[in-house]
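Two complexes come next, and they have one chain in common, subunit A, joined by subunit B in the first and subunit C in the second.
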Partner chain A sequence: MAQATFEEISASDFFYRNRDIAGLTNPSRSIFVAIREVVENSLDAAESQRIPPDIYVRLSFEAEATPDTQIYKLRVEDNGSGIPPRFIPSAFGQVLYGSKYKLKQARGTFGLGGKMAVLYGQITTHQPVFVTSSTGQEKIYSFKLMIDIQRNKPIILDRKVIINKENWRGTIIEFTLEGDYLRAMPKIIEYFKQTAMVNPYANLTFVDPKGRLYKFIRATTTMPEPPKETMPHPYGVDVELLQRLVQITEYSNMADFLKGHFHRVGEITAQKFLEFASINPSKNPKKLNHEEIVRLMQNLKKYKDFLPPDASCLSPLGEELLKAGVAKELNPEYLVVHQRKPSTYAGHPFIVEMAMAYGGNIPKRNNFVIYRFANKIPLLYDEASDVSYRVISAMNWRRYKVSPDMPIAIVVHICSTKVPYKTVGKEFISDRPEVRREVANALREVARQLQHFLTRQEHVHMEKKRLGIFSKYLPKIAQFSTTLAGKDRVPDIDKLLKSVQKYGAEES
Partner chain B sequence: MAQATFEEISASDFFYRNRDIAGLTNPSRSIFVAIREVVENSLDAAESQRIPPDIYVRLSFEAEATPDTQIYKLRVEDNGSGIPPRFIPSAFGQVLYGSKYKLKQARGTFGLGGKMAVLYGQITTHQPVFVTSSTGQEKIYSFKLMIDIQRNKPIILDRKVIINKENWRGTIIEFTLEGDYLRAMPKIIEYFKQTAMVNPYANLTFVDPKGRLYKFIRATTTMPEPPKETMPHPYGVDVELLQRLVQITEYSNMADFLKGHFHRVGEITAQKFLEFASINPSKNPKKLNHEEIVRLMQNLKKYKDFLPPDASCLSPLGEELLKAGVAKELNPEYLVVHQRKPSTYAGHPFIVEMAMAYGGNIPKRNNFVIYRFANKIPLLYDEASDVSYRVISAMNWRRYKVSPDMPIAIVVHICSTKVPYKTVGKEFISDRPEVRREVANALREVARQLQHFLTRQEHVHMEKKRLGIFSKYLPKIAQFSTTLAGKDRVPDIDKLLKSVQKYGAEES
Partner chain C sequence: MAQKKAKIVEKKQEVLAGLKSFGNQIYSQLDQGIFPTINMPSRSTENITYDPNLRQYILGEKSVGRSARNIRHIKPFTQLAWAAMFSNELTSQRKTSTLRDVYYSAQAYEMTFTDQQESNNIITDLETLTGFAREDFNIFPEERSAIFGDLDIGYTVPGYEGKTLNLTSHPDGVLIGPALTSSEFIGTKADKVIAIEKGALFTRFIEENVHNKHKSLLISCGGQAPRQTRSFIRRLHDELGLPVYILTDGDPWGMHIAQVIISGSANAAHLRELNTPDAVWSGVWASDIVEYKLPTDPLDEVDIKRLYELQKDPRYQNDPLWQREIKLFLKIKRKAEQEAFSRYGLTYIVDEYLPTKLEQQSNGKNGKKN
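Let's look at the complex of A and B:
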């Protein structure tokens, strides 16, 4: 029988063949994913410069494609950092090329989404993508690009330079794609709504194919501290990484090597660790052999006294901004927010933020309304597989006198330098024990506070009822007693009423 | 503020950074994934030659790594096709290089798993992989390899050639990796058990780190027809594919182009389609411009009269083999199997096979025991996200007088040239409407048959009871009547009993 034949395919080709794993499963889902990926790149580009994002998205009808699908043109404009011209072709036309391969929090993590959207547009409509960008300098650059999928290289079809008279800064991307907007619409609108919730400092405008305008105006211009790039934490290290560090290091002894390449390792920690691992502090890291590198990795994981990662590489929303965002979109009767301290899984720092809202615009259903976010991205698919859903389901709610049929919304935001997504499509977060524990703790905290509110509300309600009875009958009794005693002046009932009141008058 | 810096990473580097998406999430899961990927490559290699697979897997303890993990050596030997020596280094040391990028059914679909296992071994233990292989010719080749992850290239550390005196054919792969076998054990044993169930023609041997031997002996040497490589079906075509075909085609007119490159397009279909699409049959495909290619793609999808794909590129198990496999492992009281006709989603052919087993070794639980398989691979994780689980949960079981607390096992096997996995880790199948429908239809069919069995069983049971009563009292009545009538001979009751019997004696 014939022998197997072997061949090599490019990264572009791999994702072209397996676009399901990036979420591009069908015409409805694909149009959602395309919009989301481009918008998230825009948000990252503005935030990196600490500019409140202004993002304009237009989806317009171009032609009928098949009985169920249409060709649309997607245009996204932002006021972000802009892209230097020499990077533009590869940034949009080469898979596994990008600015996201850094140890800091970003919406994009795979450096794949924007390109996959463009690639999807190309394979469904065979039209080029137009990219216009300026970093705010003298010139604006425009490119007309396609992707050579088999070679994973951009093809530059046209390139224009114009003078940037108004010092415009930002990026405009425009391409066509096949999709099913009618079916995707609810998710897309929900996506914008939830994005507005956790990015309350952003202006988002969406014009849909029918010309309907959806506008989400920022509630604040305060922005969270942007994340800083960080070094790897000793607990998250593997042999490959050590190998790479040994190759590039300029340090000539192990003490400096540890201090210079690892997060939160200072002089004393380095000395103590080297003693623990029986490594000579003056040893040259370049001289480490295979076995020594493996042992170093194992010892880094075993050593108990490394400091936990600090959160400077993270950019959580903060309790104030989260409160503002949720209040703006849900307008609840009661709202509690809670931010956990930074924690870590496999050496990656992460922070859980949680909000619990009651009443207002929240509908009563058979279950809680759950909003899931990761690095300020709303997660809208596969809820039941997500760690937050599992924690919420496993919770003993009766303890908190809370039941799922109350009008309660739970907002979970997990931010990390590396969100443990289960799929490239960023639908849900995997069930890491450390993440699970933090989500559960945050949930207990907000549940406790909601319980206080509900208990207090019940007391106030009872009290109102009790006072109501007093204030109904006391005057009558007083009147009757006065008449009975043959007196003229009815005694002061207000004093009496106040004496039985349990809460301040302003609360009743 | 600083501008973003851009960089390119290799495919190897991408998967190294994002190994979660290939299922390598933690030390327990990773050891499971590593074994599974290597075993599946071995099964594919034997089946491609239509040789009943003989696979020997040994996992041995090497050293303690961290408090929770150990270093293991994994060795897998097979009697498969063997790999020609020039392909060996890249087949094990280069991501996105392989023999799986074909339009036919195979266990491997991403051409990624085996390499990811080797890569994982390297980054956790920094040891090379040893590969020995022969295609049965005069020589046996041995390689000692590592992966240059940053460049995505194999590094050949050593290469040996020996004479193949005994005409051995197969592949041996051996590498070390860090893992947590104790925690992974139940899943690994379950994996072998279920693999044996849908590969009843395979011998599987597993020796675990404690030296325990698990042996699964083949129940048959009959093998299903191996899948044939096929051409793309017109309904599954996109612009990129058309573009590639136009580039490589040797046909100079559209009629030949369609007949020569598409699955189930013959002379008449080609003519009719070209008429439908208003394309001149003698047009040279190389002369198609962008717009014409896009229109061609859209028309291919619109045209209703293409024949459905045939199943020659698929290799389902078949009802006999499925029955043998399930009977062997579950030994049920009742077993029904059903194979659906080939169907198609997005131009990819697929077949659903289903078995329903009752009683025997199947435990009574609160829910059905579900075995999920895709291209003869057991799927053991994320059951609740799988299309089969959803269909089974949504079914109205009361209609079939079946309840989830009965000892019932449901076996679902989906085979396809392209199984719509949701993750590279091949944990579950996404919810495509066409797949869902086929699973539901197969389920209804086996449920109906089980219902007949259960109803019949109930009748038989009732009948037994009824006959029991008759045979208890009839002799007494006969005796009494005989005495009363003053006769000597008691009448023949057996005749009477038979006359009220509803089912044959052999059944009661």
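Let's look at the complex of A and C:
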């Protein structure tokens, strides 16, 4: 997704009026979304530096607002990259502020989550936001900010500079907001638990308004490979993006334009494509009119010979980390993980990772426990609409000797430069055939392995039972027959017992 | 038929030897380091046939194996070994026991039976394997029947050795229990045995002095005669040479009580000498109902169904009497109890009916009166 130097559209105003689309629909949902957005920014900030995240979240009660809602103060501290002082006001005080034109996997999608949370806080409590940050250099900068909603501009109310004696690096953000914590609590706790599951290298601490401490300790300091930035792939562009590229491009001919702005387009591919689309390679892209841009987009989608996008822009968790995370949070009796090879939909690369866990802390219910993640974000709402839920429901489980009343948890992680969310609220993933196929294949793989485990377990169990029966009854037969035959010595049955054991020796 | 003078003590020796040889068989297999196996005749329905010569059900050629190597066999195998040991103990120490006792005793050896049926089956296995009835192992059923009449017996049970008893000593009759069935016969003045289905009529017969008037030993079956009673009747017939007459209610159920005393049951096909093939059914016949104009009840549905079953039963093929009476029951569709004779007075059955019947049947006739 292009997080880009968009011109200043009156975005603050737009989101102020349409905050529902960002998930800030009601007091309990809003407080959950606010925490989530800020925590995700912190995780991204630490991960971009390959620093194992250490995140402290405190939500404290400030005042009663309405009979159903309260004012809370939210404070989030991280040990991430920190923000250079000149960007701090815009980063928190200007909606849709971004700098990069390139693509890589990140938790945030619209570059607005954290800012929306701040904006929501301001709208509901009319209080400023406090931001303190340092990149680990000699100074720490503190800002007191508000957002000028009409003009989408930060207003700096106060600014302080402190000497960074201890070389602290990170960001602290603190603001007030209205919400309903009591109703949001289960989702918030679940959010932290699941976040800990897919971020096993993070320390998460949450102190809730009642002073209760929730602490999730990291199981490893190994971090996944960070994603590399890439250009957009020709199959994934739309007219809007082309128009903006044409405006900012420094290239003066079409061949260079294609090579310079698109993923997996080189000299030869560019030439062949221009021939295919009947475009003069030396044409100046700045001169393309609207009709020509639309035709270019259509031809980009039509042309069959672009190489598929590579997945270096993705940062999947990897089988080891996924295993560590699930093991840490669910402590299962058996755990299998599987990572699919990269695949693409509409020019966007994606990878599906799957874990299946049996027993341990997993409750026995009438259905599987499903944990859904997209780019390491837990998806907690609208489970039944999600593609994973549909694939899991449609699966013929009997084939795998698995039944929904077993204590089984299924963890699905989809990472992509553009996660195919159905809504802006980022709660469920749409049912695209390419995604569905990958999820189904991953599910079959882990189910097969679970089946092996269950079969083996049953076998071991049967074997134990069998041996138990022989060692219970054989000595009795020996004893009874000795008495009955009037002998003094009980026959030695050790050899017989051993011969039964040999049958399944490696199993027991 | 009275060719065999079974000596009670000899029989006990045979039983003990049989049990011991079973123990030796298992012991030596174990001692050679092999899983013990045993074979015995199968008691499945298809292996039970009626032998017209022996006039009882017998088991066929099919046999079943039990191996301690087989996970499904080892538990019953162990139970069987235990049952043999337990029976050996009972027999050699001259203690008696019941099927219920067996069920509970096993628990002392951590050999819990799932239910009574399971332990009963194991005892039946032991009978099949050794060819002896469980009564020979001193395991007796709970139900008891009684005998009355001029028979002198000599006890063999511990504490009573050498003592004798005349079976007219007690007017309620003497229980046919372990002490009586294990005793030896000394002498009798009776010349016949009359087995009676119901206790009430048995008491009436004693009151009416039937044992003297007709020189008979009276037996109360108490419904379906227990196995030990059936085997005791066989001994009275074989050892004392007494003919046996059976009096039951006039319905399919009474008829079958007589038949089991005569021909045995399919359940006991693995055993011998529990039946008395020469015994005869004296009544109440369907033809008696007609002849004596007895008060009756209508046959109900199950009675009729039972009659059709009996009609096909091989045990009902060897004497035309059975088929004739079944047909008549089905024709008149009525039944009568033994007590029905009371319409002619309390002593009519003893004074009129019984003498007529005995006379007819001792002459070997199964026909109608006159």
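The rule is simple: the second predicted complex is superposed on the first by the 391 of 508 C-alpha atoms of A that agree within 3 Å, B and C clash if a C-alpha of one lies under 4 Å from a C-alpha of the other, contacts with A are read in each partner's own complex, and residues count from 1 in each chain.
Definition applied: contacts are C-beta pairs under 8 Å (C-beta built on N, C-alpha and C of every residue); 3 or more make two chains touch, one makes a residue touch a chain.
Computed from a predicted structure; not experimentally measured.
Touching more residues of subunit A than its counterpart among subunit B and subunit C is B.
Of the two partner chains, subunit B is the only one touched by A:K301; subunit C is not. Contact with subunit C, but none with subunit B, is seen for A:Y473 once the two complexes are overlaid on the shared chain. Once chain A of one complex is fitted onto chain A of the other, the partner contacts of A:P67 are limited to subunit B, with no touch recorded for subunit C.
Contacts of A:I493 after superposition on the shared chain: subunit C is touched, whereas subunit B is not. In the superposed pair of complexes, A:N253 makes contact with neither subunit B nor subunit C. Of the two partner chains placed by the overlay, neither subunit B nor subunit C lies in contact with A:T220. In the superposition on chain A, contact of A:T483 is made with subunit C only, not with subunit B.
In the overlay built on the shared chain, the residue A:I149 is in contact with subunit B alone; subunit C does not reach it. When the two structures are aligned on the shared chain, A:D382 is found in touch with subunit B, with no touch to subunit C. Of all the residues in subunit C, the ones that touch subunit A in their complex are 19-20, 22-24, 26-27, 30-31, 33-36, 68, 71, 74-75, 77-78, 81-82, 84-85, 88, 109-111. Across the complex, subunit B meets subunit A through its residues 1, 3-11, 13-14, 16-18, 20-21, 25, 45, 48-50, 65-67, 81, 83-84, 87, 90-91, 94, 96-99, 101, 109-111, 122-127, 135, 149-150, 238-240, 243-244, 290, 293-294, 297-298, 301-302, 382, 384-385, 420-424, 430, 432.
Subunit A makes touch with subunit C in their complex at residues 466, 469-470, 473-474, 476-478, 480-487, 491-493, 495-496.
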